[in-house]
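Pasting in a structure now, in structure tokens, and then I'll have a few things to ask.
So that you can tell them apart, the chains are marked A, B and C in the order they are listed, and the count of residues begins at 1 in each.
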Amino acid sequence: MKLVKIFLLLLIISTTVSAQDNGPELVKGVYAKMKLVTKYAADVHIDADIPNLKMRSVDAKVSFTQPDKLKVNSRSLAVLPKQGFADFGKIISDTSDFTAVKTGDEVLKGVKTSIVNILPGDPMGDLILAKLWIDPVQKLVMRSQLTYRSSGTVLIDYTYGSQKKYGLPDLLRFTMDIQGMKIPKAMMADLHKGKKEGVEKADPNRPAVIQVSFSNYAVN
Amino acid sequence: MSDSIVEVRGLTKAYGKFQALHEVNFEVHRGDVFGFLGPNGAGKSTTIRILLSLISADSGTLSIFGMPLATHRREILQKIGCIVEKPDFYKYLSARRNLEIFGRVSGADISKRNVDAMLDFVGLNGRANDKLGGFSHGMRQRLGLAQALLHEPELIVLDEPTTGLDPQGIIDIRKLILQLSREQGKTVILSSHLLSEIEIIANRMVIINKGRSLAEGAVKELLNAEELVVTFEVNDGAKAIALLQQRPEVQVRELYDNRLTLQINREEVPAMNQWLQSQGLLIYAIESKRKLEDYFLKLVNN
Amino acid sequence: MFGKAIYNEFIKIATKPRSYLGLVAITVLVGVILFAMKIDGLTYIGFITAGFEQSLLFEGDILNGNLMGFIVLQMLIIHVPLLIALVTGDLISGEAAMGSLRMLATRPLSRTQILLSKFVAGGLYTFLILLWLGFMALGVSNFMFGPGDLLVLNSDGLVVLLQDDVFWRFLSGFGIAYLSLLTIATLSITLSCFSDNSIGPIVATMAIIMLFTLIGSLDVPVFDAVRPLLFTTHMAAWRSFFEDPVDYEAIRNSALILVAHIVVLLGIATYHFKRKDILS
């Protein structure tokens, strides 16, 4: 009996140790895939639903060069998230610069993912915490949640298609909380005081959502 | 058939409590140079402004060219050229431009040639392109005449046209009016506070004072040279008055400071002079005026 | 003859030195604004987008000709009424003061024709002023800054209007802005009928605009019934074309109110001018 208990304890410890050890490996696996792409270009379709900002969907061209040079060419004004888009690769590039710990598993869109928390090495940096949902088989990030000191939390959902092998998504969905943003009152024009009653307005406290669809990738 | 171009009956106009016109009546015949005579403030300008529909009458009838002004304003004004008080133009425009502007809405087809001809007629062709800001009063008056005549009206209304002009200017205006009447058969209504002006130019006239018409008719008849107002300067005015009580047929107008004024006929003046002397009076001076002239001067001085 | 009268009135406006004050003023003012924006426009834009820049990146040229055009219109449209009133307020009273009204009124033109010819000429002048403003605001701006999407700050937030979707909005906005300026012109012409001096109607027009603007901005219940009827409340209706979606009902309502003002004011002017004794 005593032997059985010791065996079980060792099993638990080894599983836990294994779990802790998987964190950096999982991240490395993702980055290795990303490194296959030195540069890419693609057509993007950007749909933004942002409180206090009304805009139509925009078509643009993006080009990206490692490690974080993103260029957007658009005839129209495009709004993109400041963080979590161009800088993602940089976050996970230097494994010595952060601590990655696997904290569990979750099934996302029918895929079993490993949840990895990344703590940046620089405690004074803007990024406070990165949480990644990684498909350990495909070595793809299915979801990320990045928390910044300056701008709060950005939740990014990834959908992959033809460029899965490069870790390049077909669809990125950014959700961020931009509460507390105020329009400068002095700049406002008060049109139609006493606007129509009963007109349903979108909840101004809702999170901002930006969806970026990629197509026509040209990789490397 | 009436040859009246203008018929005014019972014209009345009040400005608040002030009665400017009280049942003014007169008639202007075709071809007349009609004098509209009265002292300042008599109501001449008010009447002329009503004639030209600048102001509206409170009551009365006004017919021009046989048509009521109230209902035929446009047809009537097409045939009238006028200067009301001084002619005021657009100072920032040239003489030519001003004439073109007024000519364009005169109801007639005015060409550039017509404008040039009219400027030549009034002696302003050398200054046609100059802005009015630099024009003298006489030049503006001439330009005023030009705009009044440009569309060849049948009736010309001139309100004090010689005011402010030099003697040569006055003579020029007179000549022009007579030419318009005698050579071109135009009818002219000429308002003035100067009897001498009316006497020289007009053939018919109306005298107006304090908003009422006092006398109307042919100038020659109204200014009857035969009926005079004669002033005898004597040595003893009281004695003269006492003596004249013996002659009730003699109309005594006034005695002032030994100046005895009588209304008598021209032929009676020598006889009256002799009679007064025969009564022991000394005669120092004799002055005579025509009756209406005297009457009008009293109006002006009052 | 009515057409000739309108032509005359337009010649008078075109040859009066005062008429060019408005054009010169607009040129100088727009020049100053565009110069300032060329030098320091990004700081100005930063103030508008500051609320979003913590989390969002605006890709593209915000500081473009369309935005400059909008800013110029926004800043100048409140000053243009004075430039209009300077000319239209003088149309009747200026002639009365000069004495030429007396000469004009003895022409075979009805009083209504005289008044309407001045109204039409004044309306044409107003249109030209607005056209010049539009050219300076949009034409010169696009030349200096290039085209681009328009970022508009409305009371419910920022709206991004695609550049291909902007020109018709400017055209329509100008249309409604013209109605509001025509209302000003009509007001000044109406006041001009009641005066024999040049300055009175101009000052009175500006005073009325200031009074109505004040009533419109005082958020007190006692003015609630009156506020929607004031023409000044609807002078900013042109901005409604830069909302998404456009509130056509509100714009139509504003247009109707402005047209009603024009009709009523013109009616008052006609009634008075027809009966007025011209004593000047």
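The definition used in the following text is that a contact is a pair of C-beta atoms (placed from the backbone, for glycine too) under 8 Å apart; a residue touches a chain by one contact, two chains touch by 3 or more.
The structure displayed is predicted, hence computed values, not measured ones.
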**Fill in**
Ranking chain pairs by contacts puts first A-C
**Nearest-to-centre chain - CA centroid comparison** = C
**Message:** Let me spell it out: compute each chain's centre from its C-alpha atoms, then which one is farthest from chain A's centre?
**Reply:** B
**Item:** Centre distance in Å when chain A and chain C are each reduced to the mean of their C-alpha atoms
**Value:** 50
**Request:** Go ahead and note the Å separation of the Cα centroids belonging to chain B and chain C.
**Result:** 51
**Fill in**
Distance in whole angstrom between the CA centres of chain A and chain B is 101
**Residues of chain B that touch chain C when the two form their complex** = 49, 52-56, 73-78, 80, 82, 84-93, 97, 101-102, 104-107, 147
**Message:** Touching residues of chain A toward chain C in the complex: what are they?
**Reply:** 50-56, 60, 72, 74-83, 150-152, 154, 176, 178, 181-184, 187-193, 201, 208
**Fill in**
Listed in rising order, chain C residues that touch chain A in their complex are 47-48, 50-62, 74, 148-149, 151, 153-160, 162-163, 165, 219, 227, 236-237, 239-240, 243-244, 247, 250
**Fill in**
As the complex stands, chain C meets chain B at residues 1, 4-5, 7-8, 11-12, 15-17, 98-100, 102-110, 275, 277-279
